[in-house]
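Look for chain A in each of the two complexes below; its partner is chain B in the first and chain C in the second.
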Partner chain A sequence: MKNKLGVKLPDHIDGIGKILPYKGPFARVRGLKKEGLTTTGVKMRASLPGKKKVFKDLKKVIELSGLKDGGTISFHHHLRNGDFLLMNVMKVIDEMGFKDLTLFPSSLTSAHQGIVDYVRKGVVKKIYTSGLRGELGKFISKGNMEIPVVIRSHGGRARAIKSGDVKIDVAFIGAPSSDREGNLNGVRGPSACGSLGYAMVDAEYADCVVAVTDHLVDYPNTPISIPQYQVDYIVLTDKLGNPDKIGSGSTRLTTNPVDHIIAEKAAKLIFNSGYFGNGMTFQTGAGGASLAVAKYVADIMEAKGVVGSYAIGGISSYIVDIYKRGLFKKMFDVQSFDKGVVSSLLNNEDHLEISADFYANPFNSGAIINNLDVVVLAAYEIDTDFNVNVLVDSHGYAQGASGGHSDTSAAAKLTVIVAPSFRARIPTLVDRVNTIITPGETVDILVTERGIAVNPKRKDLLENFKGKGLNIIDICDLKKKVDKITLKPRMVEFGDKICGLIEYRDGTIIDTIDQVIE
Partner chain B sequence: MKISKKSSAGSLESSDLMVYLEPMDTIKVEAVSSVSTSQHQKEIEALVKKELKKAGISGAYVKVQDNGALNLTIKARLKTAISRGIE
Partner chain C sequence: MKFKTRRTMLYIPGNNPGMLQLADIFGADAVLFDLEDSVAPNEKDAARDLIANMIRFREYENIEITVRVNPIDSPCFERDVKEIVASGKLNAIRLPKANSAKDVKTLEKLINKYEKEYKLKPGSIKIHPMIETAIGVIRSYEIASSSDRIDAITIGGQDLTANMGVSKTKEGKEILWARSQVVMSAKAANVDVIDTIFADINDEEGLIEETRLIKSLGFTGKAVINPRQIKPIHAVFAPSKDEVEWAFEVIDAYEKALKEGRGVIAVRGKMIDPPVRKRAQRIAGMAYLMEQE
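Let's look at the complex of A and B:
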């Protein structure tokens, strides 16, 4: 069969099950009532008064957790490149001789390359994640896994857990602070990472929750991000991670002049879009041009005396600074993008920690992004139908992450993609992106340093931009302009094997990761 | 005119290139690129030969390490390397 975007898909994949084809950004949301789904039950646990929860030995706790071969274990990636927990747990799990596990982290970073060995050894059979990087991404793109990896957005992951599509047997939660009963938060302790937004969903729906902490405090530990009644065991460890490696410098404002040109243009567009004004809601990415857009939008807001309602997403120190200038009333934080955000989340009552379910799940009674006015996002590749790829690099390898890209672009009233028209002579604008993460029908504007393209279905925007001195051109003309100075990208040779499935936020399959032939 | 001493220009940043020049009686150009095809490497070699001719250089061994530079960048780096390589 083929999905709405013409991607060929099998009806069924062994180890994955029935494949639902993508039919449009809200097709399944509209029809969900008819499907009559219910959220699945979580194993009931009972606890006698005075039960001891704190252990020193992770192995002992994994035994008590009831984990079996073929089970599903989950992790969260708030410590990003500084995370020690996932690899430490995998080492013990390997020593205990487990096989055929499904690894279900909220995402994988450069700290997790060692997973390759556990796949080779048969400890890990399936991987469900948002991102893949480094050697692990190459390993998977070369077709080394028997069962395709499933890539989900942050909202889609929350949906998959809540709907029972993925049943977590044991959730491992890196807890920067915990008390003896398992009240957890991410804002205290030497490994403080800020929000625990992704882990909150795992804690609610896993059959067994293991919190691992390097900072056990007196009872009760507050604020309570994850409550004790969801936590079965607490394991003490020496060091959970290195919070200096959360941001890896990405949240400092770019000094690249091309990024600034793009950002300034994007801010001017947002100002003229019809969505700029008091009470506006806003999200931007943490890197490169996207974060720079926040700077220019904030400057216009200040000059015009405009105060927004909320900023949301991964919250970086830069967004906290904009809030402190009085330009937004609240911040919703599913993931703190650098160590500097932690004290704001702890001390500032307008800075609110939210779960991934609350943030972006399409299958609940209203995620926060459903009220998002403007989102600014990046792209590795974008095509003339406005489809965006943020996962697969120009060599064909999975080296990125789905993140909240497709969630926010579907929900926001205005989705702006900011990207240089080429990187190292490889064009960003192509006829068809390698792998679709975000469908073009949910993208409104592409801003490059060489011109701005508006999705032709947004006639209202084109009307608003008339006579504003904005260099708006047809996306095909922009592509021709860029093609004159760039190279034909290296043609990557793909095999027939499906190495990964890109699951859209509603659980349908939008595209595949194809096998790279070297 | 011939290149009389070793010289270089550029960087290995993305979208830039390194040009290395060495004295030689004739012209020899070798280009490698981290981002593109062998076809493009031949194009870089042709561009370099053309620019050497324009500059009146009849003797040079040129090595190019490309990291996705535009043609104008290639020309500019080569020009600087030539000025450093002639007495």
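Let's look at the complex of A and C:
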């Protein structure tokens, strides 16, 4: 069968099950009532007063957790590149002789390259994640896993857990601080990472929750991000992670002049879009041009005396600074991007920690992003239908992350993609992206250093931008302009094997990661 | 309305392909591809090829393309001029260390020769002599008026202070006289006059202050070494709201007078003669540009 975007898909994949084809950003959301789904139950646990929860031996706790071969274990990636926990747990699991596990982290980073060995040994049979990097991404893209990896957005992961598509047997939660009963937060301790937003969903729906901490504090540990009634065991460890890699001081603004050109144009567009004004809600990524857009938007807000309602998403210290300038009233934080954010989350009552469910799950009674006015996002590739790839690099390898890209772009009233028109000599703007993460029907504007393209379905925006000196051109003409400079690169060759499935936030399959032929 | 101005000329090292291909996206009025000081001697050939081909094949949009060649006494000078002219889409050559009218004439002859050889429109390539020695400053009027190809002269602060045996300071008192002299020569020769670079790219306030100074001295633009310097300079050169209103009043009054066959006009109680009208047109043009930005 083919999905709405023409991607060929099998009806069924062994180890995955029935494949639902993507039918449009809200097709399944609209029809969900008819599906009559119910949230699956979590295994009931009971505990006697005075039950001992704290252990020093991880192995002992894994035995107690009831994990079996073929089970599903989950992790969060709030410790980013500094995470020690996932690999430490995998080492013990391997020593204990477990096989055929499903590894279900909220994402994988450069700290997790060692997983390749556990796949080879048969310890890990399936991987469900948001992102893949480095050797692991190459390993998967070369077709080395029997069962395709499933890539989910942050909202889509929350949906998959809540709907029972993925049942977590044991959730291992890296806890920067915990008390003896398992009240957890990410804002205290040597491994403080800020928000525990992704882990909150795991804690609620896993059959067994194991918190691992390097900072056990007196009872009660507050603020309580994950409450003790969801936590079964607490394991003490020397170090959860490398603090230098967990958070890099504070996020700095790019000095790349091209990023600034793009960002300034994007801010001007946002200002003229009709969504700029008091009470606006805003999200932007932490990298390069995206964060620079926040600077220029904030400057315009200040100049015009505009105060926004909230900034949301991954929160960086730069966004905290904008809040401190009085330009937004609140910040919703599902993931803190740098160390500078941690003290704000701890001390500032307008800085609110939220779960991935609350943030972006399409299958609940209203995620925060449903009220998002403007989101600014990046792209590895974008095509003339405005489809965006943020996962597969120009060599065909999975080297990125789905993140909240497709969630926010579906929900926001205005989705702005900022990207240079080419990187080194590889064009960003292509006929068809390698792998669709975000469908073009949810993307409104592409801003490059060489011109701005507006999705033709947004006639209202085109009208608003008229006569504003914004240099808007048809996306196909923009592509021609770029092609003239870069010429057409030779394309990577792909085989027939499906190495990964890109699951859209609603659980349907929007695209595949194909096998790179070397 | 088409209006040409040179508020900013962005230096781009000739051996940096990444920057060369980005030349027209930063909003500078002109770019200045450099073959002289920013290119090491053993990279001159490669940079020359790169610049010539970049100009030839990369279709730059809405920007004046100028190249700073090596000085007349350099072994690279003639090859630089030949190859750069051969690129066919060049607006001007900047001549460093222009010390006399004779230097300009030497370059002019070469341009004449290669314009002919490569069948280009005669006289299309302009010359921008760069005044950066004491003798150059003294002879600046002679230099500025030595060729029809000259439509701007420029001052180079680093070399000039070295030649004077003094340090270049942020305040720039040491080159105040030279700046004034060069401006005066340019005005007398009726050509544009471009100021030297501001070296500290992280000091935006300092850049703005210096730009205000050189604007008040009569400079029509300034060389920049980082794209971040473009915006602040354009902002300084932007006319005030009142100036723009005045300019449009003058232009309207002039057109009305022309229609009615009247020779003498006044706006806001003051007589409008041709130089004032020219100034009004320049301000209106600038206002149009600012609106586009």
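Everything that follows uses one rule, which is that the second predicted complex is superposed on the first by the 512 of 518 C-alpha atoms of A that agree within 3 Å, B and C clash if a C-alpha of one lies under 4 Å from a C-alpha of the other, contacts with A are read in each partner's own complex, and residues count from 1 in each chain.
Methods note: contacts are C-beta pairs under 8 Å (C-beta built on N, C-alpha and C of every residue); 3 or more make two chains touch, one makes a residue touch a chain.
Here the structure is a predicted model, which is why all the values come from computation and not from measurement.
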- Query: Should A:I426 be classified as contacting the first partner (chain B), the second (chain C), both, or neither?
  - Reply: first
- Check whether A:L487 is in contact with chain B, with chain C, with both or with neither, and answer first, second, both or neither. first
- Query: Of the partners chain B and chain C, which touch A:I261 in the superposed model: first, second, both, neither?
  - Reply: second
- Message: Looking at A:G469 after the superposition, I want to know if it touches chain B, chain C, both of them or none. Which is it: first, second, both, neither?
- Response: second
- Message: With both complexes superposed on chain A, which partner does A:G17 reach: first (chain B), second (chain C), both or neither?
- Response: neither
- Of the two partner chains, chain B (first) and chain C (second), which one does A:E449 touch, if any: first, second, both, or neither? second
- Message: On chain A, which stretch or stretches are contacted by chain B in one complex as well as by chain C in the other?
- Response: 485
- Message: Touching residues of chain A toward chain B in the complex: what are they?
- Response: 394, 423-426, 485, 487-490
- What residues on chain C touch chain A, complex-wise? 21-22, 25-27, 58-59, 226-228, 291-293
- Contacting residues of chain B [partner chain A, same complex]: 14-15, 35-37, 40, 67-71
- Item | For the chain A and chain C complex, residues of the former touching the latter | 257-258, 260-261, 449-450, 469, 484-485
